[in-house]
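Take a look at the structures below.
The following pair of complexes shares a single chain, subunit A, combined with subunit B in the former and subunit C in the latter.
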Partner chain A sequence: MSESVAFAGVDVGSLGSKSVIFEDGKIIGSSILRTGLKSEESGLDALDAALEDAGRRRGDLKYIVGTGYGRISAPYADKTVTEITCHARGAHFLHPKTRTIIDMGGQDCKAIRLDEEGNVTDFAMNDKCAAGTGRFLEVMANVMKVGIEDLGELSLNATEVLPVSSTCTVFAESETISLIARGEKSENIIVGIHHAIANRIHGLFSRVGIENDVFFSGGVAKNVGMRKALEDVMGIRLAQPEGDPQLAGAIGAAILAQEAWSKKKILAVV
Partner chain B sequence: MSLQTIGKINEALARRPAELEKARAEGKKVAGWFNYNVPEEIIHAAGLIPVHLGTGGDNRLVELGARYISAMNCVFTRQIMGQFAEGGDEYIKNSDVVFIDVTCKQLYRVYELVRYYFKARAEILGVPYNFQVGAGKEYFRREVAAFAAKLEKISGSEITGQALRHSVDVYAGIRAAVRELERIQAGPETPITWHEVYDVIQAAYYLDKDTYLSLLGELLSEIKDAPANPKVKTDAPRILISGSVIPPGDRKVLDLVEESGGRVVVDDLWSGFAPYLDTDVEEASLEGIADAYLARHPHGSLPVLDIGQDKRLKNIKKLVRDYRVNGVLFHTLRYCDCFTFKAAETKNVLKTLGVPFLEIHTEYARSDIEAIRTRLEAFIESLGTRLEITSGLIGAGI
Partner chain C sequence: MSVQALNRNDAAGRFSYPEEIKEDFLKTPGLHFMDGSYVDSAAIWDFMTVEGPRRFPYAYNRERNNQSRLSKDVHFFSGIKYGYLNLTMRDRLIKAHEKGVPIVHVEGGQTVDPYFAAGAIPIVPGPLRAMARDAVEGLDVKDANRRAMKIMEDGRQAISIECCNNPIGSIEAIHQSALPVDMVAPYLCLRCTDYSYILEAYRTKLKNTQLHFIDFPVTRDGAWTVDYVAQLIYDLVKKLGDLRGAVVTEEDLRKEIRRENHGRRLARETMEAIWNAGEIPVTGADIFSIITSGRFDRGDSLACFEFLQQAHAEVIRRAENGVRAAGIPEKPVRLLTVGSCFGFGVNFAEEKGAVLVGTDDHLSKIYADVGEQGNPYEEIAKTILGYDYELPTEQRAQYIVDLVKKTRADGVICGYNWGCNYQSAVSRMIADIVKKQSGVPTINLQVAELGFLDGNEQTQNRVEAFIEMLS
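Up next, the complex of A and B:
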């Protein structure tokens, strides 16, 4: 029986912890869990869940790369790499024609440009406030008394886009409450919330530019209303990858784990 | 192993406040100054003790200073106001007069406010908007002459031609030594780091100039035969730092660059290498000094209407070539508009040369440390990948 050559990527974000097991250039297991109070434990839980999904054990892993904001507490990882580099590699794996990434995570938003090999050529980040992040949508879902997972679908039923001018979470919350009090249709308010974020993201891209294909990664990428708002506001078409866009960071980390292991092996021979 | 001369410089810095107090007790006068275009050699020639003022990196002082200056002013100017308000800075305390040149208008506001709130004896030195035209040159010559007259009045003695020549020689010696240090630290293997050189440059803010020149000579002799510092990563991406002031006391971004695996090899900061880059006084006269200051690397706050004529951009491009820079880190302080507004054009100019660029916008509060770390690490990762590609490592399948 041949020896297992498996690699893992673990992406501990502020809201979700993701892990991917990679073998023979393919994803053989993955997991997405809610990040707990301790990022190290969250990373390990995600890793174990992905291993179980893949039918592998920790001992089968040759190399682990940690990424995400929790990478600073990842003693289980052989190496840590920023989520910017990992998302680029992951998006390139899921959709090789990707040249631009919109990554919306729980606590920040990134505009990433990459070359044809999936290497980062430029990036810009918004992490000064919650605007344009999953946290912003969570707060707004709470105000609208709907589940975060329903927000996107609801926005598609809007008959008009009500402007939510502020992207400051606190002010936008007040603005939304005022719109509810005025008796505005919920779907129209929700689509306004999505457009407020899309406008903010559009501004972020003025710093790095946009080139097709555009890949939307991160947990918020699963929100169909956010996808539509980005396409409408930015005048773009988002790529439709087969894989899960929330796993892009973990996939990139797993690919980098395989590359790091190969490099180490070759250098050891040399 | 740390260099002995750097230890001596640190000891001299520790002694300096007491030395200034003693000198003042003996009748000497101290002229503190802020900004970029104060011709220090004229203060020296007038028999006054020049001290470059202003520190950074202390958010408590920023908050204190914001009681006296708008919170929309940059954190550096707010911290200066905090220093005046608290009254604890040894160098401000020991300054008999404070000169501020009107290069950065936010520091001009500091001039107005320290007089108003703290009754400081402050004087200004006008700086023209346009350095290229004859009227601008004439204006600065007149301002420098008026500045010299004020110095003579404060010191009670005339600035002689002989004193001016001596001071010009001392400062020329300092500039030559600093340029040599900057060249040596950028070598593949070096006994001295860029960070150490940056600290040595800022020791000049305070130390007696003859003592400083002598210490620079000792340092150059010591590093000539010293072994390479093993902490300097020879394969790390080589970075140029540009942008807003990074004064003594502010090491937030510099430390993060090193922690992220980057190696700074040169800067064009006005608190660092910029004043040494191309300041060459050819004629030891007030006019000669004024002309030399206008001809040097310009401060970002001065408007340049034609990007093709912007000497600051030309020099950055030259530094990128001369120091084999892999990427440019553009540091901007919150509300330091003059450099923040120039980030995009600097990025665009460097893009035409294929030089990666990252802007880090920050302040003295520590809340954004991890966000900056992520940006820097990602930037250095991408520079590392570019280096691997160009060295053929990735192409060889490794």
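Up next, the complex of A and C:
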């Protein structure tokens, strides 16, 4: 039996910890867990869950790349890479025609441009603010007393888009409370919240430009209401790739793990 | 050929200078100071290996985000001497002040010829804040940083004007008498909109400190602007002379101008040798020391000048021999930073495969010579009005495009502190023009952390991604 040549990518974000196991250029296992208080443990938990999903053990892994904000506490990783680079490689893997990525995670949103090989050519990120992030949606779901997973579906039933400020999560929260007090329809408020974020992202793209195909990655990409709001506000069609967009960063990390290992092997032979 | 960092670590993560370099270090010259004193290399060695680690442990801490950390390249002996200038600055200033030498708070983005010529010592915000922190000794990196943050936070709470950290920290340090300062007398360059804070502080709490602004006529149209600034410089020099009961002559000014021109030339030649070398011969920390010494900001223009002479010789020798400095990655990404006052983490960049090749702000001062013939006040005025960094934005962007070529930069990081009204307005415009005209990628960063030790993951994430993009 030939030796297993498996690689892992571990993406510890502010809200979610993701891991992907790669073998022979294919994803053979993955996991998505909630990030706990200790990011090292969260990363390892995600890694073990992905290994279990793949039917592999830690000893089978040749190389691990860590990414996401938690990568600063990832002693298990052979190398760390920023999630910007990883999302580009992951999105390229899932949808090779990707030239633009909208990444919305728990703590920030990013506009990333890439070339035909999945290399980053430019990027912009929101600056030090929860507005326009997954955290913003969490706060709003809490205000609206609905689950975060239901927010998107509810927004699709709106009859009008109520304006909500995109400047600041705290301001938007008090605006939303005012709208509720005024007796506005919940769905119309919720769609307003999604549009506030989409407007924010649209502004981010004024810095780097947009080129088709546009890939929406990160945990928020699973929200159908957010996808629709982005398409409406930005006047674009989002790519519909196979695979989980929340795993893009971890997939990119696993690909980079394989590349780093191959490079190391070549150097060792030389 | 790469120089190894021979740093020894102790349990607390601090390094010490290794004994095996001592013999060679002692063969090198010491430094002369403006008060007539001389410190030989043996005394410098003793200070840096015994007194320094005891009084200022933070400077020896290898924590990646420690902006006050000494250069890791222990074989670059001039760098050790710069460390000495840095760590002894507070002692020297207090001693000078006791002898009647006026201490003057100035801006970071200006030349300082008239202050030294008038027998005063000009201090820019960064070192002033560091010296205020050092009023309490024996602190390691976390406590030293906390103390610096506390001074700044006090200033922020006392006067609620949003501006960058530098004036808040330095003015509050003066207010708390962490260092004796006789006068606040900066040039009102375009670069900084934070004078509102200084003015408000003067109205409310700096009542025993004189204030003297050198106005900056933004139009620069015609001879009147030179006459106008020259008169303000004359008044400044007169006031500084009066403070110590001396008459400052035009020859005093010319003598200082000649020394500083020579120092600026040495700083330029050293930087150009670094840019043109096949391997980067010094670390980012040492590059920063060379550029800032070309602005004579360590409290003594003679000692800064002699540091530059020694650094120049060492850099030329290393460049000729193809030496790569300790800790500099192979084929590093060369980064030029644009914008004043935001602290760029050189050690972080080097860990991630990049090296800092310069900052547009500080470089503009080492390229700002003062005419040695003619009326010295007018010549100083002409220089002030000609700073590249203070040019209208499109022209300043052109200056940066030229710097990109000169430094052979792979990427440009435009940055500004949160609260800096001026740079936040022009930074994006510069990033766009420079990218378009030089073809080199640029990034525009708002730096919002108060200190540099904690809470900087987001800024570092952008810098790291930018380096990966350029690798």
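Remarks
By our rule, the second predicted complex is superposed on the first by the 267 of 270 C-alpha atoms of A that agree within 3 Å, B and C clash if a C-alpha of one lies under 4 Å from a C-alpha of the other, contacts with A are read in each partner's own complex, and residues count from 1 in each chain.
In this text, a residue touches a chain if its C-beta (ideal position, glycine included) is under 8 Å from a C-beta of that chain, and two chains touch if they have at least 3 such contacts.
In this text, all values refer to a predicted model and were calculated from it rather than measured experimentally.
Considered on the superposed subunit A, subunit B and subunit C are sterically incompatible, since they clash. Legend: residue contacts after superposition of the two complexes on their common chain; A:266 is shown touching subunit B, with no touch to subunit C. In the overlay built on the shared chain, the residue A:169 is in contact with neither subunit B nor subunit C. Residue contacts after overlaying the shared chain place A:82 against subunit B and subunit C alike. In the superposed model, A:108 makes contact with both subunit B and subunit C. Within the superposed three-chain model, A:4 lies out of touch with both subunit B and subunit C [touch as defined at top].
In the superposition on chain A, A:73 makes contact with neither subunit B nor subunit C. Of the two partner chains, neither subunit B nor subunit C is touched by A:186.
In the superposition on chain A, contact of A:120 is made with both subunit B and subunit C. The clash between subunit C and subunit B in the superposition falls on 78-86, which is one of the stretches 42-50, 78-86 or 132-140. When both complexes are aligned on chain A by C-alpha atoms, subunit A residues 69, 72, 81-85, 108, 119-123, 125, 127-128, 207 touch subunit B in the first and subunit C in the second.
Subunit A meets subunit C in the complex at residues 69, 72, 81-85, 108, 119-123, 125, 127-128, 207.
Partner subunit A is touched in their complex by these residues of subunit C: 418, 428, 441, 444, 446, 448, 457-458, 461-462, 464-465, 468-469.
Of all residues in subunit B, only 344, 356, 368, 370-371, 374-375, 377-378, 381-382, 385-386, 389, 393, 397-398 touch subunit A in the complex they form. Interface residues of subunit A, counted against subunit B in their complex, comprise 69, 72, 81-85, 108, 119-123, 125, 127-128, 207, 262-263, 266-267.
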